[in-house]
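Consider the two complexes below, in which subunit A is the common component and subunit B and subunit C are the respective partners.
Moving on to the complex of A and B:
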């Protein structure tokens, strides 16, 4: 991603570390760095979340709007991703510098959320063929410390979990047009079912091995990284015990590659499996954190921590 | 095999403050009035406006007789002659290298200010200038000393000593320059088997200790030696030291060999190094290290 200059000997050190399954901060190849999450940080958004993974800082806001569904999918809502790379993150993002990275991430997210098994867009339908909810997901990258895709997908899922969509009180049919009356009460709203929303896992190929959650230094050592989108598991996001066997397995929704290198078919298979395993533990941790936060602020949110403190 | 993932909430955020008494020094924010102008002298980090002296940076006040300065908490490195720095070569230019040292302007390392490897004397010639990239290329890390400071504040470095020069295998950490304690010696061989260079500019270099130093060997031999894999136990100690420094930095503690060593000894109660990435463990280590420093001062 953001180019970082490293010397030959530093690269060798990182490479041998990955071979040894012992990275420079003591993590093994499948360990994530600790993350910090807060939802509902932007008061004027329908849903928002901020995720900090080491030095990577992501802010996500969800805006809802009423729109006309696509003619080929009259009973589905719409979802759109927009990524903004702040020039605060690195000076390279100044001007149009971050545009390519931004569009690649937003395309990736769009692809990962495309499948109906990943995110059920039917829950956004208001009036079949006429009106539906459209979610605008704005992703702001405030700081780059490696592993952007994973952090973005986690933050998006958290923001969607936090999103409230107002109930429709009344609908007036006026000829061909529908006139909707929305509930004014912010707590008279429904939550989205995001349990199966996909998470992205970046697998950075360094030497012969793949590592998850690469730091910026590790990213600049690898010639290629694979990004695997894996659907989540609904059971982590509800308090009720569900034993629906079908939703247990994570499914791969998208695969993307970054970088000039190549991957052998065997490595690809291994990487996908590794990605699915990593996504499962990520999903579980995210679900637990979100439920814990919801427990804490039943009703009103007590404190907003945000960026200060 | 499942990876280790931990997501904590912002409400569970750990406060990294380790000061034993609750007396924090008074912090000034930019634009804040420090004092009325009456017989005070305006020092660094301050400006005069409306008959009063105001802070231009966020930091703590330092008063020397009538001179008032505000020392910023976070700033770029301001170099002084004789400082040991760790820097990264950005460009190879005519008879000099451009080096990134975390200061406002890039520093300069003149070709005439380096010792060639193996102690070979340099002949001033055209070939010699063309060989510059063989010696140091873009991305290489060096340790150096500040030779002089130019009028615009940029630094001129030199590596005219065997202890300076290109760095072998290891990892670089970047911390705030204000946290580095000025000492006589910034090169340390810690008893745990890690050698460390605490650059005044906030760049800290960690590397395994060399068993037999090959200064006399020819250049290829040195290069081959540099690319040998580091063994596991060295790697573990380095990771531990790295996480200890990160813990000290998170609690804004001054860094020198004693504080790092104290933190290292305290960290040994965590058998697995990756457990030390946890904010609570970091605070614990920093707190215990601070406690030992306080005890050492009292004695």
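Moving on to the complex of A and C:
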């Protein structure tokens, strides 16, 4: 976003647009820009996804490993996030430049996935107290065009949806140690229940209102943004028509503020509500796209695009 | 995990013996019942919505003599020291920054937490707290007054019994004021732990621990919220939430925290006013002493003059 210069009048123009819920690129305040999503792009990972939102390009790979569960949570698996800001994205990330941003994003994701209502770690348990799956989620930022948190959370959810965990065929107890035999067949594997995994929505405060997915111009008009993590709805991620239409309300799993400004309590409450509404529509769209993708995958009809675009 | 090789470290897969004690193996409901007694009071005798700001609060400034400003805050068993140092030029920076910067660091003492020993290397927890502290303090400091300079704010948590971020922010706000850094408003912070329907204002460590655990019943709210406010300006400078809760719960918590943040302001004001009064008294005393010395000197002068004239 280097070299972006806006005059006062241009800023006022953007501000007025936000006030009237009609932004300079024609979107409303809770609309996202078009995105491209492709899953299963990395062959060596258990699950992967690539997401492009405007100029932001994210690649997520999920690696699984067998680990010992934490002593205080013997029946749950573990999940860890790593963010890598490569200097390809912007020259500012060169050397240790992107470290702070990377750690803040991974921290935010860790916090968003903390609650079991967001992501149930019990499904990663193999042998209570002895062995569990550990998911390493590596997030690679290939190009940085703003709105990183939202893009990362979307890509992570897509990659987790795509993740396959092999079945355990046999377990041998050898003294106190457990010996596991895993299935070699790549299709003999289970999928994760990621329906309720949270999505992060960044709300940028411009004037009195908040907008989601700000463009670079809009970002420069704002001094404070609010990041809200909202749980997803399982209904959007299964083909079966669930008999009990228990529409799960989105719940906040993490809220954070970013930027040098501050907000009034009233604006904060409104922004959280707005974030939940935006997250709901985003979640629905993501669920549809992922289900379609899986359908194509099963029928071997999927055309792989990769990075050749 | 980086290890400190100058100390004896346990085997890599060792766990604290506390994990095998009776206290540790309690179930969720047992832990929950331990928090509140039959009368609806918490373990330390507080009501649910009662913070420690009223009778379990202690604050003072000028803790660290080498620092420009410093503060010490005690919320019963949560104890934090903060020191603020003179502005200095931002190191390793090529570009001129129009606004001054804040460098914040939160550190736990190795013995501060009840269950595990903290390592010397900053862990993810401490880094997150540092970022949150900086986020909270930035809006309150008049940063345009010291371009291209940074102010260092160091918080050391001596003992952690819950709400350590709130304590850190309160201490840092007081220390900044003590260091005479220009600020827009007094900054205060408070946290709340949500467990189901109940909201524990200004939670202790045990309450925080339970709020972070997964409730047995599916879909119940749980989590922790910390909010810092500039009370006079009615602005929220930082808001962090973790856990899982619906909007009604968050909205309710915001209202409670808003009130609570205001309740802390008089405490901070008292310390600051006391400081000013002390300063004035000290100055008066010094001036008086100086006057006395001058009088004595003048008397001596007269004496010598007379001696010279007579001789």
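Please note the rule applied: the second predicted complex is superposed on the first by the 288 of 309 C-alpha atoms of A that agree within 3 Å, B and C clash if a C-alpha of one lies under 4 Å from a C-alpha of the other, contacts with A are read in each partner's own complex, and residues count from 1 in each chain.
Here is the rule we go by: a contact is a pair of C-beta atoms (placed from the backbone, for glycine too) under 8 Å apart; a residue touches a chain by one contact, two chains touch by 3 or more.
Only a predicted model underlies this, so the values are computations on that prediction, with no experimental measurement involved.
A.B. asks: On subunit A, do subunit B and subunit C fit together or clash when superposed?
C.D. replies: Result for subunit B and subunit C: fit.
A.B. asks: For A:33 in the superposed arrangement: first (subunit B), second (subunit C), both or neither?
C.D. replies: The first partner, subunit B, only.
A.B. asks: Can you report the vertex angle at subunit A, computed from the C-alpha centres of the three chains with subunit B and subunit C as the arms, to the nearest 10 degrees?
C.D. replies: In the superposed arrangement it comes to 100 degrees.
A.B. asks: When the two structures are overlaid on chain A, which partner does A:285 contact: first (subunit B), second (subunit C), both, or neither?
C.D. replies: first
A.B. asks: Touch test for A:293: subunit B only (first), subunit C only (second), both, or neither?
C.D. replies: A:293: touches subunit B, not subunit C.
A.B. asks: For A:8, is the partner it touches subunit B (first), subunit C (second), both, or none of the two (neither)?
C.D. replies: First partner only, subunit B.
A.B. asks: In the three-chain superposition, say which chain, subunit B or subunit C, touches more residues of subunit A.
C.D. replies: The partner making contact with more of subunit A's residues is B.
A.B. asks: Would you check which partner chain A:262 touches, where first means subunit B only, second means subunit C only, and both and neither mean what they say?
C.D. replies: The second partner, subunit C, only.
A.B. asks: Which partner does A:272 contact after superposing on A: first (subunit B), second (subunit C), both, neither?
C.D. replies: second
A.B. asks: Once the two complexes are aligned on their shared chain, state how close subunit B comes to subunit C by Cα atoms, in whole Å.
C.D. replies: The answer is 11 Å, the least C-alpha separation in the overlay.
A.B. asks: Going by the contact rule set out above, which residues of subunit A touch subunit B in the complex?
C.D. replies: Counting only subunit A, the residues touching subunit B are 5-10, 12-13, 16-17, 19-20, 22-28, 30-38, 50, 154, 212, 217, 277-278, 280-282, 284-286, 288-289, 292-293, 296, 303, 305-306, 309.
A.B. asks: Can you name the residues of subunit B that touch subunit A in the complex?
C.D. replies: Touching subunit A from subunit B are residues 1-11, 13, 88, 90, 138-141, 167-172, 226-227, 229-230, 232, 235-236, 238-240, 242-243, 246, 272-274, 276-279.
A.B. asks: How about subunit C: which of its residues touch subunit A in the complex?
C.D. replies: 13, 15, 19, 24, 99, 124, 127-128, 131-132, 135, 138-139, 143, 212, 214, 218-219, 221-223, 225, 229-230, 233-247, 250-251, 254-255, 258
A.B. asks: So in the complex, the part of subunit A that touches subunit C is made up of which residues?
C.D. replies: 68, 71-72, 103-104, 107, 110-111, 114-118, 226, 231, 249, 251-258, 260-265, 268-269, 272-273, 276
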